[in-house]
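The following pair of complexes shares a single chain, subunit A, combined with subunit B in the former and subunit C in the latter.
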Partner chain A sequence: MDVRAIDLCATTGTSRLHRASPITKLGAFVLVLTAVVVQQNLFIVLACLLLLVALALGSRLPARHVFALAAYPAVFSLVFAFAAAPDAFTGAVFVVRAVAASLAAIVLLFVTPYPQLFAPLQRVLPEVVGDALLMTYRSVFLLAEKFEHLRVAIRLRSGLTHGHPVRALRATAGALGALVLYAFDLSQREYDVMRLRGYQGRLRITLPAAANRTFDAALLASAAAVLAIAVIFRAAGATLTPWSWLLAAAAALALLATIAGRLVRT
Partner chain B sequence: MSHIHIPDGVLPLWLVALGWAGALALVWIASSRARRTDVRRKVPLLGVVAALVLVAMSTEVVPIAYHVNLTVVAGVLLGPWLGAIAAFIVVVMLALLGHGGVTVIGLNTLMIAAEMAIGWGLFRVLARAFGRRHVGWAAAAATIVTLAITTTALVGLVALAGGGAATGRETGALDPRSLTFANPFSGGIVSVNTLRGEAAPAKPAAPLSVARFAAVVYTLGPIGWVLEGLVTAAVLSYVARVRPGLVFGQAITEPERGPAGDEEAH
Partner chain C sequence: MTPDRIYPATGHDHAHTEGCDTVVRVSCVKHSYEDGTHVDLCGLEFTADRGSRVAILGPNGAGKTTMLFHILGLLAPQEGTVEVFGVDPSSRWADIRRRIGVVLQNVDEQIISPTVYDDVAFSPRQYGLGEAEVRDMAEAALELLGIEHLAARVPHNLSGGEKRKVALAGALVMRPDLLVLDEPFEGLDPTSRTALIALLRTLAEERGVTIVMSTHDIDTVPEFADYAYVLQQGGRIVLKGTPAEVFARVDLMAAGNIRPPILAELFAQLREADPSAPAPALTVEDAVLALGAWKKA
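Entry: the complex of A and B
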């Protein structure tokens, strides 16, 4: 998990999706996620996945990071499908659905800086939870960097080698122990800094207004259309099911058009 | 097992909703209890411990794709109530990174919070029984027993999910038995009969294979339990040696004189 790459893309990205209002993006995410979750049709879930891939490529997100993160749930859902799915096609639905749902979350994370993403959540959660959510993201950067330094130090002393798993385990545990102590010192320092800055038990974050209201409305309408199609196909059941492959084909064409457009522009 | 690697859309809606309701109630109660003490001091502490768990989860211990969770360490350091808040924060962050479904955030929170609380309770009992000299044994035993309990809870969840509607699947015009497409245009482009087209037979929701799932997690799980137990033992032994107040402050209530450098002395 490369948090720095995520944060860099979210804060410096210039696509229309980056500039949309965080609340609009959260709303669209919820609609698409609901569409993916309510659907049992392999082709419609696949269509959602292809559209999300097109959205990620169209917004010029770093493909290596985005798809590496999306592959993680694919691996786990494959294990789950192998372990629990009654047949291969149910397993395929599990995997495609898991990847589509996680890709929706990952795209949201790559196009929205974390304070803006967590600010709407912070407003509805108890203050200690909302503020700690913001503090966690910040601390992940600091601890990940510190842990990496500790691992390098251990490796330089030949304590971390793939040929000696027991030694590697002991060295990693030692580094994690040192990290625990560093984390406590860090929390004390952060507390002191926050008090000096006048922290009274609530971090305040201002949400930016939408750069382009028309795009925001289009984004929400598209997400609502995806949900509506998913619900109609679910409700109509057997009647519309034979036509569902058309949606997957249309999404594949949209993806190809996005890739072609990107190639032309570069 | 720590957190459920079950993808979105697999568990039935009632179970997902129950998980969300339980998790939100738990977080609300935990926040109310946290408010009784100095909440401003708790926020950075919660943030760094949640970040510590996230960093640990992103670290492979040995090159066999197992990662540690440090949930028992977090439980021992934070106690059960703050641990519940940390569990919620960790799960939200993981879901946004595609590591665990968004819809299962509620169930995942309950699972990790239970792991922290059970680990904390068992460690308290075992640390008293074994004494300070054998913190590592107490930590390892507490972790292994805790993980065995939560893995069994996970199997119970899948058994509860059983043959719910969420396990059903449709394959559109694709016949899974012969792997052939039934062409919905076979009647001609004009008379495609979109609304009264050939109705594919509805496929009954097949049940999840609980026995196979249990066999997989009880086969792979114990390797992870032992690794987690060893790392937890090493980390807590290290912290107990360097700053006993952090470990025994929660685990052993009777006042004991700590060595120089103990954070209680500051």
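Entry: the complex of A and C
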């Protein structure tokens, strides 16, 4: 997983979604996720997925990274679908649902800097857990960099010898062990630095205000509408099912319009 | 780089340091690390007076960072005493932390926020200041270091020198009375280094900021420091004096494995070749004057 790509996009992105309030984005994410979870109709889950794809493209997220990450759960859910689904239709629901849920989370990660994402959670989590989540932010990058340096060092010193998988494995395990020790040390140093810079037992994160309140309201309203439709179709059962393909078609049109808009702009 | 905005000539209250001329005092501190390494910062007493610029010199492993960590209260002395603003920093750090700015050697570990602006604003936010005040302070600190253009950048993608400037902005943002710098010139290009030396001089001379710095960059010491301490292996403080006094003690410098500044070496070799050569000058300006006078004579 390319953490740097996620962070760069979340921090420097300029789309409306990037500039929306983190609390709004978290709220919208929860609503969409609930819609995906409660719904068992393939067309409605597919509609959610297509709308999320449109949102990702419309927000100019790096498509290669976003869709590659979103595809991971597809692999695992495919295995589950083959093993447990009674028919192809239900199996497809498993896969689309998993991909839609992961895409919603990935879009959220790509449009919200990590500390802003966890700052609202800090209010509901125990202090130490909330602060630990926020502190891991830089550590992840430092550890990734350190591991890369270790890997290069091992390679330069012929640790990853071709044709000797046991030796290579041993060298990699050694590097990982060194990384764990370094991580312990790093956590102490990071704590010291934060203490020196004013940390008083509770990290204070300032959440940016929404750049455009209308957009924030529209985002929340859209997410609420998605959930409402999902709930209505679930409650209505077979009565509305014959019409559900219309929602998927509408979402597909929205996606096509987004792609066309992007092509026109470029 | 002018400090007028972050350290306004009027408005910044240094009154609380008046009557307390010795800002830092380290008296024969001994520290043993878990791996068995002992550092005894004994010999001469280490002091830094208000508004002074003090350099700590010594070979690798001499205890420079140990000294700084004691000053910052990150280590508690097992023997001896440390006083910063009249209190023991390891037990009363909360009382003095707002008055101290820090740049550690590994600036990568000091930068903890997603953007440069957020990182510089970290300390004021932790002290609960209002967002308008935080913005004003952060912008002033960025401007002071000439890095306003980096404000929206992600720290991981900055160069080493840029990261050091960001860390310095983060250290200066709270308008500290004491700046503790561990190798502050590492990774800076010559222009940035000259500008930083000028800025630190201005902060010390005009705003009364005390600066304690450890460095291996010997050539910057004559330009930067009012006086320097020399540590030998194991931490013993063997020498204190102005840069000219310190670099004149060739024997102690050699024993401490410290190479003198290049100008001092030049003048020493000139004197070996011709005893009428002038006394060592440590800055380019002084060297020009000394050599000009020697040529005329």
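Definition applied: the second predicted complex is superposed on the first by the 260 of 266 C-alpha atoms of A that agree within 3 Å, B and C clash if a C-alpha of one lies under 4 Å from a C-alpha of the other, contacts with A are read in each partner's own complex, and residues count from 1 in each chain.
Just so it is clear, contacts are C-beta pairs under 8 Å (C-beta built on N, C-alpha and C of every residue); 3 or more make two chains touch, one makes a residue touch a chain.
Not measured: the values here are computed from a predicted model.
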For A:T266, select first, second, both or neither according to whether it touches subunit B, subunit C, the two together, or no partner. neither
May I ask you to decide whether A:V129 touches subunit B, subunit C, both, or neither, giving the answer as first, second, both or neither? first
Which of subunit B and subunit C A:V36 touches, first, second, both or neither: first
Check whether subunit B or subunit C contacts more residues of subunit A in the superposed model. B
Touching A:F94 in the superposition: subunit B (first), subunit C (second), both, neither? first
Is A:R138 in contact with subunit B, with subunit C, with both, or with neither (first, second, both, neither)? both
Touch check for A:Q200: first (subunit B), second (subunit C), both, or neither? both
Please work out whether A:P113 is in contact with subunit B alone, subunit C alone, both, or neither, and reply first, second, both or neither. second
Is A:F80 in contact with subunit B, with subunit C, with both, or with neither (first, second, both, neither)? first
Can you list the residues of subunit A that touch subunit B in one structure and subunit C in the other? 135, 137-138, 142, 186, 190, 194-195, 199-200
Touching subunit B in the complex: which residues of subunit A? 1, 33, 36-44, 69-70, 72-73, 76-77, 79-80, 82-90, 92-95, 97-98, 101-103, 105-106, 108-109, 117, 121, 125-129, 131-140, 142-144, 147, 162, 165, 168-170, 172-174, 176-181, 183-184, 186-188, 190-191, 194-195, 199-201, 237-245
Residue numbers of subunit A touching subunit C in their complex, please. 4, 7-8, 10-12, 113-116, 135, 137-138, 141-142, 145, 186, 189-190, 192-200, 203-206
Going by the contact rule at the top, pick out the subunit B residues touching subunit A in the complex. 5-10, 27-28, 31-32, 34-35, 39-52, 54-56, 58-59, 61-64, 68, 70, 73, 77, 85-86, 88-90, 92-93, 95-103, 158, 166-174, 176, 181-182, 184, 194-202, 206-210, 212-213, 215-217, 227, 230-231, 234-235, 237-239, 242-243, 246, 263
Show which residues of subunit C lie in contact with subunit A when the two form their complex. 72, 74, 93-94, 97-98, 100, 102, 104, 106, 108-115, 118, 121-128, 131, 134, 152-154, 156-157, 170, 174
